[in-house]
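Think of it as A, B, C and D in the order they're written, each chain with its own count starting at 1.
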Amino acid sequence: MTESVSVATLVDWLSSFRDAVHEQGTYLTELDSAIGDADHGANLIRGMDAVMGAVAGEVSTVGSAGDLLKKVGMTLVTSVGGASGPLYGTFFLRAATATGDATSLDAAAVLAMLRAGLEGIVARGKAEAGDKTMYDALAPGLDAFASALESGRDVLGAAEAAADAAADGRDATEPLIALKGRASYLGERSVGHIDPGAASSALLLRALADALAAAG
Amino acid sequence: MTESVSVATLVDWLSSFRDAVHEQGTYLTELDSAIGDADHGANLIRGMDAVMGAVAGEVSTVGSAGDLLKKVGMTLVTSVGGASGPLYGTFFLRAATATGDATSLDAAAVLAMLRAGLEGIVARGKAEAGDKTMYDALAPGLDAFASALESGRDVLGAAEAAADAAADGRDATEPLIALKGRASYLGERSVGHIDPGAASSALLLRALADALAAAG
Amino acid sequence: MKKLINKPEDVLADALKGVSEAHPELRVDHQHRVIYRAQPKDHGKVALISGGGSGHEPLHGGFVGVGMLDAACCGEVFTSPTPDQMVEATTVVDQGAGVLHIVKNYTGDVMNFEMAGEMAAADSGVRVETVVTDDDVAVQDSTWTAGRRGVGVTVLLEKIVGAAAEEGRDLDAVLDLSKRINAQGRSMGMALTSCTVPAAGKPTFDLPEDQMEMGVGIHGEPGRKRVPLAGAAEIAEQLVDPILSDLDFQGGPSIVMLSGLGGTPLIELYLLYGEVAVLLEKAGVQVARTLVGDYITSLDMAGASVTVLKADDEILRLWDAPVKTAGLRWGL
Amino acid sequence: MKKLINKPEDVLADALKGVSEAHPELRVDHQHRVIYRAQPKDHGKVALISGGGSGHEPLHGGFVGVGMLDAACCGEVFTSPTPDQMVEATTVVDQGAGVLHIVKNYTGDVMNFEMAGEMAAADSGVRVETVVTDDDVAVQDSTWTAGRRGVGVTVLLEKIVGAAAEEGRDLDAVLDLSKRINAQGRSMGMALTSCTVPAAGKPTFDLPEDQMEMGVGIHGEPGRKRVPLAGAAEIAEQLVDPILSDLDFQGGPSIVMLSGLGGTPLIELYLLYGEVAVLLEKAGVQVARTLVGDYITSLDMAGASVTVLKADDEILRLWDAPVKTAGLRWGL
């Protein structure tokens, strides 16, 4: 496994996330039916299909990571709508700013990219830990990524740790009362259901690990 | 069994018909659901409840048969609506004209009363034999009433023959294609269902037999 | 059965309470169950009365007001009103110019209005004329049957003929126009689900998830045939084709109504109308005016009906004339 | 799933085709999914834009026209539109007097409009102000949560503030009025059934025959609580009580809207309104204007919502001002 992540691998990440939301679309919508409005799966399928359409030529033209991620962010912002559109859109727009002109990223740059993205989500949505949102999968995921790097694991190992932690974070949303997003309208009735955005975010980090493994 | 039918017995007839449509209301509406608009039971319950309210004092004040039947007819006309309101209403209005001032009816007068009523239905609704309407229960019923009298049976016997024949007539509507009323809109699809009005008409003649039996 | 009602037998009386609370411009006679304009025109206008079973709202009560009806007689759910209601309404609205009864062709409605006409003529000498609408192409016509049902054209007729009466035309002219409108209109309906008559307490028929009923009327009756569920484009074809093959709409403007049956939301009605418009255009029908929404309904049935009316400049002018009712309003 | 649609992913695009076919007085930008007036006012009017997920028709596209909105941005079903749609609409409708964005309080809608406002200001320098409606008393309010949902008051606001903008008031005055309308309105909704989101293909939730959901919004979400099915009188109480205990409506006129959620027929809405009127009268609320029908819906959900707005002479005057839209029309 090389320590440097190419733009092509980032495209694989997106492609792998697209496949995941197609596969898990019905599940994501079912989660959203229980405590939301039954569209999270359709939203992400529409968005990631648009993304993969928009970045189709990207690998051969060898743009920068920043160019790629900015295009991803703008495409999500302009094709998804709802809460997840601006949130995932801002994630990638901020990630783009963090990576800038780079055409390959080392492990620290990948972490910086993810952190910038999460900060964008927080800036946009004001979610805090325990509000039962995508934050509750992403934040522990990124913490695990950082810890893994600190303890000497490579970028793939870190991404795998992140995906595992995000999955745990996703599951840990189940007993929570939602305080943000439309699940919050349910009050106590939001308890006992996994947050759909946390579930899709766990898929996003799992897709990263998968893409890195394949690149390995 | 006395051969003379009093106004009180006519009221018993109506009361017995009211009880029958209450008991069979759901069945009548089910028949009407299959080939009509699911209201025949409710229509007759509303109508016969109104009738019994209107004639409540009638027996003690000893009016004529004509007065009673006219009140019944007018009450049905003004409380039922739909197809069955004018049809059953006209039945009783014409029956009233036939009985006039009489306060008791012999068997022939009962037959004349029923015949006048049926003529009223035909005048109003233009139904012919085999059109799959209430006519197809009433007409054979009245024919049986007449034959029974001719063959020497008393009014109760005639009414029982009429009720039996009307029930047969009702059942014989099942294979017919409806040509009148809203069942006709179904064309071929009206085949295989008993006509709701034929079913209620069979109840009307059965109620007469029951009232006469009780009076006996 | 899930409905916003109290007791099934009180549905009509209770709904009329809401109508009178919501519409100060209407006067509701709760005893006779007749809806009138609160401020009738004060002289010489031919009066228009319609009526029928309830459950088709806004038809007819929602069409009482300036430029349309003078009164609507409300029957029980899916049950024609009774002659005494019509006699009362006829007597109240007559201003000496006579009264037009607008009747949808159903055995019950026709017979009850017939009795009312006889009674009104005998009692009060009011001149009553009647137009019977029968525009439903789903029903085979024949002198041996009850004929075609009166459906969507009734809405368009009440608007157009209402405008003519408001202009001061006499009863003969109004009757004439109303017969012409009926003759020039055709409708066809379809259902995705049954409806539930409150007194019956359960759906009138069962319709599997993969089937629909083509050729339904507005009383929750099953249609002419049950066919496999299809997409909107295919449904539009099944609605439009029988209309266009029954009457030639070429060579002049048409008014088109797409009405929901009560349980179908507006987004689906617009979607279906988009498909209908494509077909009409392809067939050379020139759509001059359009109405999309719930205008003639069948309780909570999901589905829709299409009505096409052959118009002309005069009819379009009457269509555009001001109208102020709960269900149709412009210019006032 | 039984719907008058073609493919679930084409619902919005197909429905917009029908809207443009049915309404020559509207111009539909099918690429950006924005509905405009075909004939915009030609100078100096503050422009009003609203938008949101589709499935709430006639809101918002049905409220574009003289006296109400200048444009409506249409999102996918139950999904806020995207910022680029709003930026496009903002640029198109601005006549130099600035643009008011009318946003219902949902995280998605608020964030997308927020991004649009930032982008519009940066790109074109158009002055954009935003009012966020949040009138749903079913939702407990708190600074820690997403706050209350924006529901029925949005309809009344678009009408009243639309009239003010049509009169030529400036953006500050229009913004001010819009905030006041929102502050003075309260709503509460209930559902008898779930709705079915086309892309999901099945009902969002199951609701047994003997249960209903109290405190639903307009996105097919379950409500605040599931309670036993009740009659209309009892339902009216459960809708009206929380509204009246949240705001004092005494001492002035009120405007009341009873909106169906899409799958409930008009006869039931009037019936329920009759019960609502009784309760409002008992509580001393003086109902000056009433709207009963489908105005803010949730696809094919059966149910209804009640909105009460504290008005005054000025607000009533603006309410009565002429309006010409597909969903609300009078005086024109």
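Heads up, the rule we're going with is that a residue touches a chain if its C-beta (ideal position, glycine included) is under 8 Å from a C-beta of that chain, and two chains touch if they have at least 3 such contacts.
Treat the numbers as computed from the prediction; the structure is a model and nothing was measured.
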Q.
Over the chains that touch one another, what is the least number of steps taking chain A to chain C?
A. 2
(Q) Nearest whole angstrom, what separates the Cα centre of chain A from the Cα centre of chain B? (A) 75
Q: Starting from the mean Cα coordinates of chain C and chain D, work out the distance between those two points in Å.
A: 29
(Q) Quick check: how many Å separate the C-alpha centres of chain B and chain C? (A) 32
Q) Rounded to the nearest whole Å, what is the centre-to-centre distance of chain B and chain D, using the mean of the C-alpha atoms as each centre? A) 54
Q) Counting only residues that touch at least 2 other chains, which ones in chain D make the list? A) 77
**Q.** Touching two or more other chains - residue numbers and ranges from chain A
**A.** none
Q.
Graph shape for the chains shown, where an edge means the two chains touch. Line, ring, star, complete, or other?
A. line
**Q.** Touching chain combinations (by label order)
**A.** A-D, B-C, C-D
Q. Of all residues in chain C, which touch chain B in the complex?
A. 8-9, 53, 75-84, 106-108, 111-112, 114-115, 138-140, 144-146, 149, 197, 199-200, 204-205, 217, 219-222, 224-225
Q) Of all residues in chain C, which touch chain D in the complex? A) 1-7, 11, 14-19, 21-23, 54-55, 57-58, 62, 77, 192-193, 209, 212, 229, 231-233, 235, 258, 262-275, 277, 287, 290, 292, 294, 297, 299-300, 302-304, 324, 329-332
Q.
Which stretch or stretches of chain A touch chain D in the complex?
A. 29, 33-39, 41-43, 46, 77-87, 124-125, 179-182, 184-187, 189
